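Shared chain: chain A. Partners: chain B in the first complex, chain C in the second.
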Partner chain A sequence: MEVDVQSTLTLREFGCEQNLLSRPDGSSSFVQGDSSVLAGVYGPAEVKVNKEIYDRATLEVVIHPKSGPPGVRERAREQCVRETCEAALLSSLHPRSSLSLVLQVVHDDGSLLACCLNAACMALMDAGLPMGCLFCGVTCAIDQEGQIITDPSAQQEKNSRAVLTFAIDSAQRRVMMSTTKGSFSVNELQQCIAVSQKASEKIFQFYRDSVKRRYSKTL
Partner chain B sequence: MAAGFKTAEPLEYHRSFLKENCRPDGRELGEFRTTTLNIGSISTADGSALVKIGNTTVICGIKGELASPPTETPSKGYIVPNVDLPPLCSSRFRPGPPGEQAQAASQFVADVIESSEVIQGEDLCIEKGKLCWVLYCDIMCLDYDGNLLDACLVALVSALENVQLPEVTISKETDLAEVNMDKKRHLNIAKHPIGSSFAVFDDSIVIVDPTAEEESLSTAMMTVVTDEDDRLCTLYKPGGTSLSGEKLQDCISRAVTRNREVSKLINTVIQSVKPQK
Partner chain C sequence: MRETPLSNCERDFLLKAIQEKKRLEGRQTYDYRNIKITFGTDYGCCIVDLGKTRVLAQVSCELVAPKESRPTEGILFFNLELSPMASPSFELGRQSELLVKLNRLLERCLRNSKCIDTESLCVVSGEKVWQIRVDVHGEEVTVYSADERDPIPLSIYHMPICVSFSFFLQGTYLLVDPCEREERVMDGLLVIAMNKHREICSIQSSGGIMLLKEQVLRCSKIASVKVSEITDLISRALENDKRVRKEGGKFGFAESIPKQRITALKSDEAAIEMTDMEEKAEGIISSTEPPSEPVPSPVVRAPGTGQVGESLENAWGVEQLEEEEEDSVDHVMDEGQEKEEEEEEESQYCNKADVVVISDSEEEEVVVLHQEAQVDSKQQVSGPQQPGTGDSKKKKKKKKKPVQ
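Let's look at the complex of A and B:
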């Protein structure tokens, strides 16, 4: 099966700033096109007795939507982000402690879960927490003609037949997290994964560049 | 002796079984627990089903209500699913507002309904812009022993098959809805989305239909939902360790066979409850 990756792979303009908040131990803002998410990490700190895990740190993730109280959809997203972060973090190095990650949606213009994952990864990096690998979020939309659009805007998501979001790890480029909407064939799934893996390379390069840019001033 | 080993080193206990390609309850790695289904268990609901996968027991009741359709889709009725995990079903759930797992499961079921188009929204419409059916699907877990999502979907699909809604007409003179309780009809179920859950052990061993204990020890969970045309409706993997492409493909193939098995079961049960003439 030939996958024509290059022609379909376009990502919107990315932007990232780390350490922009003074109170959290690590913070970042991540911008993908018009989607924007602000993340803050606190910890390792003391943990509530009922949430204590004896051999690793307890991670809490909270996602605040742009307006209104968080609903069921946010809870499902929180679960996805939390379990992805738990797999990447070496939380056994901080047993019986708590880590909390707060994500504030600044603007939603599609690919929001991917943007949340990227902001989370940059914030964890900024907090200096030990991680086994990095991860990034990629959203693919399959439009009515079967074309794959990476990093779609809200309008593109609305017009598409299926929307798939993956988290890809930096070590082996494999799928850590996946949530999908709409129906699609196995072949389309494999293509989307291949496209996301290609896109992840670009995103990890972006991570590298933005961290390099940040430390080039201090070193 | 074995009991002591299990309590002290649960992970090692499971590993020693997985090494021999079997599991503590005697199943092979790719084997589901016995699935039993009872349709129409709640006589007061419009449709209901009780599903058992091993010890996991889930009951689904569906209530149809008349409402005015949403303004953005005036010709469509809608379905409102809700998954409840009461403290009754496991000690891990506390009383009070629904926890994260219950909310995530509700969202998962809602996503599957939307993605697979189980029922065409138009079928639930009585008169465009005026009146439509709303189906409240309440799914309650009675005994939690892992693999909640699969059980929820089987319960939902079977209960939808069981739903009988009375005929409703809007009378021209009074402009009011008239319900004819004598004439009831079944819904037209377009697709049968069936899920298969997998747990990943030690980043490499994939087992199907995990029990609650296996779920808590595993490093990742995944649920694949397919319909009868072998199309994927949902590939839900909320984080955890990563999975290679080949393993993923194996899981999808297993999910497709599982769909056949469960569809057959649902059909047999439906046939058996049909009144004999």
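Let's look at the complex of A and C:
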């Protein structure tokens, strides 16, 4: 089967809805193809004494899987999301307070961590928390022939040799977080980063469009 | 995080409104909130919106050994979670009273009413049965009116639907389907689970209110009307989902994002143009230094002995060396400037304390070298920017110190 270079480098359809839950301070749902994640943010709010940090806000991230209790995989994802958010948030503006981010996986069809990151960023934006930059998540998969697939579906992820997820910041398109699975060469890594940086432009444009639409006066 | 308490004003307002037969959302006493049912791309997955309450349910199954007491029956397991997303007062991993209550309600309503044919889940008697697991995530819980249906043709005998009633002022006033605010001021709650054949599957009364027989009967009458409405809605939604799946059209949550809402946006599939990707990657790699060659075979003195860093490149002193280099470059590059700065700094130093302590540190060496110049520079004391330069210089010195 011949794989066209251009056809694998696509992002599936995006969808996003902000402010869809009434109780949290910020909420969003982000859909990438069939993958869908719902995010809610509370904060800045009162913090428990044992979690208090004297010079910045405490950020807690929780990811709920769709079925079954959360396991090690969720913990690992939580950590990735938390570290990215901590890097982007200006948490020193809210010392001794708590920020909590809850992510609910609604449907997993590949690129789940990237979808979580995007939903988290939209929710943080919706909550109006001060951030130094925005961030987005891009997943690249490298298949057996060495072809790079952006935003892979679950099936594509399964058939691939390596899966790499990057968080890219909006200011300088730098890599804020990376997590990889499988084996790949240095060259492939650099190619994936370059692809992700290019893809992030599309995602940030989408962020911009959706926020613009949200604050526009007409539909 | 604790829940925000309800103020007395709000409480009085709500109760007064109820006495005047008005509700906060403009509903009538017996009105239900809007129900919206969305199915996911997986089988056995749905999101139900009841007003602003939103619940996600997923049915999954696995093969397990049956219970010893019932070797021919499958196991139906409910796992209810109150996600902290729904309310900040919900904590993770804590069995709150509400959680237990709702879980029990689900079990009684769906398992104990035998609405699912558990015997049909048996694969090998006494060895293997399907365990059906229902995960319910409360996402925006204000009140729980649960209904569960399994699009996998699980044989379902009947669909019990729960309808909740709340009582105010010791049972004087009754509301159907209370919202979160109303639940917080109510005295008692009655949940009736009923199927469309008007059979009551379970009744749960909480809040410790005394109910009259007439009240319960009235509630059950109301429930029967609501249940038939909701059953209709569910079967219509199921049929719709089935039809769309059959036709191969688009379905799932991605399609359920409302297009007409200003807070929502959907984009089409986007291609990323990547023409220079490979050159770029190679450029980055060629511009970075190649990693140091690994030692082909490390020397092992004797098998089984511990050894440290034998014949490998020593990276311990590298950082210090670099710093020293940097410093020396500094000296060469702007020696003249540095001298001046140092003089100024020293002059300030001298102004503050006239006693010059001579020690063998580098700073003082400089002082000794330029002592004559220093005396002169005492006069030309510092403009407004000089304290700054002095400071930066001091910092630099501090950095240098560990080198020495």
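Points worth noting:
Everything below uses one rule, namely that the second predicted complex is superposed on the first by the 208 of 219 C-alpha atoms of A that agree within 3 Å, B and C clash if a C-alpha of one lies under 4 Å from a C-alpha of the other, contacts with A are read in each partner's own complex, and residues count from 1 in each chain.
Operating definition for what follows: a residue touches a chain if its C-beta (ideal position, glycine included) is under 8 Å from a C-beta of that chain, and two chains touch if they have at least 3 such contacts.
Just so we're clear, the structure is a prediction, and the values are computed from it rather than from any experiment.
Judged by the touch definition given at the top, the superposed model places A:Met177 against chain B, while chain C stays out of reach. In the superposed pair of complexes, A:Gln156 makes contact with neither chain B nor chain C. Of the two partner chains placed by the overlay, only chain C lies in contact with A:Ala199; chain B stays clear of it. Legend: residue contacts after superposition of the two complexes on their common chain; A:Val186 is shown touching both chain B and chain C. Of the two partner chains, chain C is the only one touched by A:Leu21; chain B is not. Annotation for chain A, partner touching more residues between chain B and chain C: C. After overlaying the two complexes on the shared chain, residue contacts for A:Val72 are found with chain B alone; chain C is out of touch. When the two structures are aligned on the shared chain, A:Ser97 is found in touch with neither chain B nor chain C. In the three-chain superposition model, chain A touches both chain B and chain C at residues 186, 190, 193. Residues of chain A that touch chain C in their complex: 5-6, 9-24, 27, 29, 31, 33-34, 36, 38-40, 42, 45-46, 62, 64, 66-69, 98, 100, 102, 104, 106-107, 109, 150, 186-188, 190-191, 193-195, 198-199, 202, 206, 209-210, 213-214, 216, 219. Here chain B touches chain A in the complex through residues 100-101, 103-104, 106-108, 110-111, 114-117, 219-220, 222, 227, 230-245, 248-249, 252, going by the rule given at the top. Across the interface of their complex, chain A is touched by residues 1-2, 40-42, 45, 47, 52, 54, 56, 58, 60, 79, 81, 83-88, 92, 133, 135, 137, 139-140, 252-254, 257-258, 260-274, 277-278, 280-282, 284-285 of chain C. Considering their complex, residues 72-73, 75-76, 78-87, 162, 164, 167, 169, 172, 174-186, 189-190, 193 of chain A touch chain B.
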